[in-house]
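Read from first to last, the chains carry the letters A, B, C and D; within each, the first residue is number 1.
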Amino acid sequence: MKSITTKKDYIQSLKELHHAVYYNGKRVEDVTEHPALRPHINAAALTYELALCPEHEALMTAVSHLSGKKINRFTHIHQTVDDLIKKIQMLRLIAHETGSCFQRCVGFDALNAVYMTAYDIDQKYKTDYFEKFRKYLLHVQESNVMVVGGMTDPKGDRSLSPSKQADPDLFTRVVQRQSDGIVIRGAKAHMTGGINSHEILLMPTQAMKEDEKDYALSCAVPLNAPGVILIFGRQTNEERKCEEGFDAGNTQFGLVGGEALIVFEDVFVPWENVFLCGEHEMAGLLVERFATLHRQNYGGCKGGVSDIMVGASALAAEYQGTAGASHIKDKLAEMMHLAETLYSGSVACSAMGYKTPSGAYYPDPLLANTTKHNVTRHIYEIARLAHDISGGIVATMPFHGDLKNSEVGRYVKKYLAGAQGVPAESRMKILRLIENMSGGTALVESMHGAGSPQAQKVMYGRLGNLEQKKRWAKRLAQID
Amino acid sequence: MKSITTKKDYIQSLKELHHAVYYNGKRVEDVTEHPALRPHINAAALTYELALCPEHEALMTAVSHLSGKKINRFTHIHQTVDDLIKKIQMLRLIAHETGSCFQRCVGFDALNAVYMTAYDIDQKYKTDYFEKFRKYLLHVQESNVMVVGGMTDPKGDRSLSPSKQADPDLFTRVVQRQSDGIVIRGAKAHMTGGINSHEILLMPTQAMKEDEKDYALSCAVPLNAPGVILIFGRQTNEERKCEEGFDAGNTQFGLVGGEALIVFEDVFVPWENVFLCGEHEMAGLLVERFATLHRQNYGGCKGGVSDIMVGASALAAEYQGTAGASHIKDKLAEMMHLAETLYSGSVACSAMGYKTPSGAYYPDPLLANTTKHNVTRHIYEIARLAHDISGGIVATMPFHGDLKNSEVGRYVKKYLAGAQGVPAESRMKILRLIENMSGGTALVESMHGAGSPQAQKVMYGRLGNLEQKKRWAKRLAQID
Amino acid sequence: MKSITTKKDYIQSLKELHHAVYYNGKRVEDVTEHPALRPHINAAALTYELALCPEHEALMTAVSHLSGKKINRFTHIHQTVDDLIKKIQMLRLIAHETGSCFQRCVGFDALNAVYMTAYDIDQKYKTDYFEKFRKYLLHVQESNVMVVGGMTDPKGDRSLSPSKQADPDLFTRVVQRQSDGIVIRGAKAHMTGGINSHEILLMPTQAMKEDEKDYALSCAVPLNAPGVILIFGRQTNEERKCEEGFDAGNTQFGLVGGEALIVFEDVFVPWENVFLCGEHEMAGLLVERFATLHRQNYGGCKGGVSDIMVGASALAAEYQGTAGASHIKDKLAEMMHLAETLYSGSVACSAMGYKTPSGAYYPDPLLANTTKHNVTRHIYEIARLAHDISGGIVATMPFHGDLKNSEVGRYVKKYLAGAQGVPAESRMKILRLIENMSGGTALVESMHGAGSPQAQKVMYGRLGNLEQKKRWAKRLAQID
Amino acid sequence: MKSITTKKDYIQSLKELHHAVYYNGKRVEDVTEHPALRPHINAAALTYELALCPEHEALMTAVSHLSGKKINRFTHIHQTVDDLIKKIQMLRLIAHETGSCFQRCVGFDALNAVYMTAYDIDQKYKTDYFEKFRKYLLHVQESNVMVVGGMTDPKGDRSLSPSKQADPDLFTRVVQRQSDGIVIRGAKAHMTGGINSHEILLMPTQAMKEDEKDYALSCAVPLNAPGVILIFGRQTNEERKCEEGFDAGNTQFGLVGGEALIVFEDVFVPWENVFLCGEHEMAGLLVERFATLHRQNYGGCKGGVSDIMVGASALAAEYQGTAGASHIKDKLAEMMHLAETLYSGSVACSAMGYKTPSGAYYPDPLLANTTKHNVTRHIYEIARLAHDISGGIVATMPFHGDLKNSEVGRYVKKYLAGAQGVPAESRMKILRLIENMSGGTALVESMHGAGSPQAQKVMYGRLGNLEQKKRWAKRLAQID
């Protein structure tokens, strides 16, 4: 495969992919031409474009430990603590450009998680997954394809384990083992960037038991493989992406990642692309590692996205003549405080990262967990404060169509005027951006991306070393 | 005018109104036939329908102190503390029916605020506003028209007073005084239920100074009067209201009130409909009273709406098999705690209400203020918890169009299945309802309806009696 | 018994009680002379003193439904909703006088809870508890004794029921039934006002099962009965109460209620003072009622105490020259907001109160629960804000002994000076008051008085009517 | 001076210091023998003791960049990012040993702040402060004395600048310049570890203006210099430190730092110990640097202290039989989440640290600020949760004197028994530890140490780069 270097390459590669994408009950012929999908593609494309900017080279690229060549950082295996920190800085940088999700970290994290776990599986079971995975990785690094990491299964009744579900396909599984490969069935939900990725790297969705070996599965699948179907999830204000005008808020880059349900209807996967298959005891470790690597990110990208929210709110205040009010200044300071708290988490878990047996570096899991858990709260509070500063107009503004209308357009301009010298249109644009970034989908992604709050709460019990803390307390209280 | 009694009457009356409503740059011929406006009409219509149900008569109707006749409570002037409490109970009742805003409280509060203030103006200035207003009130009670209360001006640059704005029309004002009436110009923003009301009762937007007499204005205007133009505000997921299927979430009643920008382009108002005109010193009192009467409501309607959120979240958990998890139970309890906190505020300010010189009863302003201020926080937290319980699927669910599609519909059904026996469609419906109730517009209304948080914060300084509190503290600390 | 009317009567009656009080390992001969106990007595005495003030008569007294005589409201059985509301207003009033806990509401609530439940027990079991209790009540009303309500048992291992404890006495129980009465053993913990009450009205600590009949016990016991031992609980900064000077902060009234552990070492109780004995199925109802009646209070007294905190914080700011800062004003407003939220809860549950079969009125249990649950959070936040406003000096201030010292006293005065004209001593006094009201014991009382937070959380599941809420949500989502 | 190496050396050196310490109006002859001061000395002594443990050498010691010798890290100038991170790890380590404040970081931060600023002053003004300071530093490193950093002035009326105060001494100042040195007057408040340090390194309390040159002052003063007087601040439950028994909670190490008011009554300082004198434009920079270096710490020490709170709360639950309850587990997880959030802040600002012109490394000021601001909230919430888990008993427990008493001791033991096999005494000890760590003084220190919350809020405006954030938002909203 020819390496994807520019935005143009990337778009051309998607045109040629011919994967089965559905949008609102219709098959999409060319995702790059669909107005509702294009913003997500634009956002992901920046991961290619920025890598070509000399001023961003240090963050956006890395040197492959396999080939020694310069590669896009999104295909890199972390070799040092500095790599872990650069990852976070890169995410905040791109978030400043997009104000949205650029999606490619999911695959990045999947590559790293499978890499370090494949090594450990081989150590334990004398398998050859690691070698196969290094080959796969080399292909990704050289072709520079966009990989989506696929973890979350539909899960059906959450109170039942995979093998107890009414429909066994509610967790993705191996339905057939053949000499040349396996056949898989199931689905992965909420697949960020799914419709504009080239391949998916599947992982199990949770720890698996003895009788759930068929669900202990990791493998890579091209998204245009026969039997793969992608159904795009409807976003908040979905239709606005298809309109003229600025009501979509962030017309270039949309909002969050453009999630899809990806169905695997008896898809064949050759053995060389299989990296876990039946070693059920290792499923939990792989899940935990991916979760940690992905939670690590959230203070980087959401920190950056929050910076935009702060800037937009400050502008909204300025345009309305309230920027000088002390309570506005305090609310902006609070938003910055929350944003920097998120960022601190990502930096800290990176700085406390360490080397795994595979050689790859891994962020501190307890601190990564802490980072993501704060995101599930602070992004809501940042949105709340942005609404507070914006005023009710952020929810009752006329349509762009009204602004353009010959009869009422002048009233919209007249009565949405703010501080002198600020065109009503500027004010409307910044309010639409805030609306875009603070609505349903944007919030929920912060809640559930990289695992729900309870998934993190549970980790404190596991990683918090409560026994050691009890010993310290006993010693101070002089209890024998 | 023939009295409006049934939903049918109400819809017919709107058909005949021929007011100038604009939606996305187009004039709407018949609001009752427009799919995006109909849900708001349905919600408001319930204020008529429920008044006909014998089981709700005590809450939904009252006896007019003017005519002695049974009237719709939304046209009543509170005569007792019990009236104040019944108002809150009525609001929670209707919220349980609609899960949305039924809009008519705004005019209800305007009627009460103008009533008690017209009386006081007359006492001070020997004017005859009160008598004129009683006549107007009688007309409202007998015709049972829906009145929108009009307070919020566009306000332009918030750091400048009305008379200092670049455009003097950014606050609604009298542009001409004639022997038979006045001519007014300006606009009112965020007018809840504007497009499906019959009349508007204007009030000033803030206290006014000596040189702002033209802005000290209260009057009633039919919404089909020449020069009145209504521009509908675009809501979150606006388009879904125009679709088949259930993606709109609350297909019958929409969300919040259907706010409009109402423009007054040199509208004539006869003197008999003018209730404040130039007595600038009374503007502040009228504003404060309307604000109090309106803030009183928020624990009633939002308490009721939150009940629906609790129920929907409990169902979502049930459908997904998580209802038995202790953290889910705790989150549902927390949501109920917050909902009852809101309701307590509304009940308390009503129970502590008192009689004004006009004879009308008035809720305790400090406690009403407290109620609304809690709403600006707790509704966001309730939404956050609902998202937590719902899972990421609430933001990535396929379109209704996918469910209906012959190729992918079966995958949607298969992979969105939850607990056994629950159709995927039921699960999708309840998640769409949660999405509807927890998105941008629904949140912002809780933030800014009845005044922004800062508007309430300021009231503590004014109503909190800090000097008394300091005296108590000094006495205890034995400081002379 | 001669009726207790004045503070002098009250103190004299305590002198004559000769109950067995222990303080720091020593038997206290006369509680009224002990400097650490006197502040609590002063606070309780105000419940007598204020009842003699004509301006407080409406709140502080009531007319007995038994005798038709004017009685202290703390001995009254609520006869109307207005009685419920007056209770709250009375509590806030006394809190403004004491800035502390005046303790007598516990017995007040116990009297009401046992009254309404004795009636119901009789209805069910044809017992004669109600008649006996009316006689006891008449004695309380006529003598005007202070009664402590005794509910909380030590409970030992909370994961075990009473009958499974290693020591069966960890829940108070009947150890012997005789013809003339019963003999009881056990203890009640955290008994507010215990050391300065005359009698205790015992109630069970939780619902009881078939095999726990001996623990289903309610009876009245004079605190000077043989076998009753009271051990005073050590408070935050306990010693300061015994000092000269103002370091105790609230030198007259101390802080919270002066809790005691009351031990019952085989205490005899005649049958006429027994109001529940073995009817285990009624224990839960009695507990729930007492809990509701007691939770009802917390927005009254803590609302009043918070008013003092607001006033003291405002003075601290004034004395330090920060009163004009916008962030200080905002924090004071926030404190008032939280205080009024608490008060609203108490008013609301009272306004929504209703008549029980006994004729006594009962506050709405769901809203009473909500009130108390907010107290477990807001009092901490109010303390936090008070600390914020006060500055670090509230924790590092020199001793009163330093102020009085001839060598360093002048430095204390010189360097603790604040705004001009404010003596350093005034500033120190107000900071000591804040310290007193925001420290450990004061906070914990807000957390655990009237039941721990989890006790309230559990009630939402029981009283929140989740099934109804689910039905409403289903109807709106059009799920069959 | 002989180098202080062991705890014994340290105590001996304090004995020989003969500094003028006052405690409750009395001069203390030997601080090392005073029961209320000893715990603070014990805590500080650990900074010497742990440096002698081989397993802690990497954290507790460093190599001097001046002498090349191994020194105690508390006297080190940070030479790398790794030094910044080790500082945080060291603080958390010692906090695990003491559960309290070990005080010595204040001087550590002062040394670093003055070092880097003295360099910059010299660059600007051609002065020789840096060389003088290197000599002073070498003395500190070699003698290993404990230095307290002195910043906070009494400040009098906060609305007035130093030169406008009624008493010019309310900010510490130079009252006389002589050929051999200067004479200073004023005081420093809240001096952590003051009574058990050897020297104080003074810094100005805020940025200074042209007419406030006498207040632009930094110098080192031995605490036994003539004219220096130390007045110990009264802590929560101060007296318990002087008792037998365990009621003090942390009997070995007390709580927080043992703050003192240090008065300078015309104290002479030779020029060689003066590091800023009149260069008023540099005062602000020195303040900001000390603030940053000190705020950096708070997630280290408070993170460690919070670990103890988690452990103690877990034990309290275990001893009471509630450890298995889901809400208890959730609260413990929440406490750990908050503790790790604090720690993340400290790690992050260290990892993002950079080199100053002097060569010394400096933590990221925005992130250091964020860390401390979270401490002002989370420590209160951790205390609140600890109270929740502990139960009301933490505030009503009998005295240690009761436990020892022959008459009532057996009742205390009997009725404070918890889970089987746990002596009542163990339960009491752990509750006393929680009480110690969650009361007034412990909380306030978290609020105001290293600057009040508002001091941090202001920094967001200064360091948050709002203009850049506005530019990003404008670009995305496509506003020119």
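Keep this in mind: a contact is a pair of C-beta atoms (placed from the backbone, for glycine too) under 8 Å apart; a residue touches a chain by one contact, two chains touch by 3 or more.
All of these numbers come straight from a predicted model, not from anything done at the bench.
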item	value
Mutual neighbours - chains that touch chain A and chain D alike	B, C
Chain whose mean Cα position lies farthest from chain A	C
Between chain D and chain C, distance of the C-alpha-averaged centres to the nearest whole Å	38
Chain centre separation (chain A, chain C; CA means) in Å	52
Chain centre separation in whole Å, for chain C relative to chain B (CA means)	40
Multi-chain contact residues (two or more partners), chain C	327, 330, 457
Overall pattern in which the protein chains touch one another (line/ring/star/complete/other)	complete
Chain D residues touching chain C - in the complex, by the definition given at the top	22-27, 152, 154, 156-160, 166-167, 169-170, 187, 189-190, 229, 231-239, 247, 256, 259-261, 263, 265, 320-322, 324-325, 327, 376-377, 380, 383-384, 387-388, 390-399, 401-405, 407-409, 411-412, 414-420, 435, 438-441, 443-445, 447-449, 452-454, 457
Footprint of chain C on chain A - complex, ascending	326-327, 330
Interfacial residue positions of chain B with respect to chain C in the complex	85, 96, 98-99, 246, 249-253, 307-312, 314-315, 318, 329-330, 332-334, 336-337, 340-341, 343-352, 366-367, 369-371, 373-374, 426, 429-430, 432-433, 456-458, 460-461, 464, 466, 468-474, 476-479
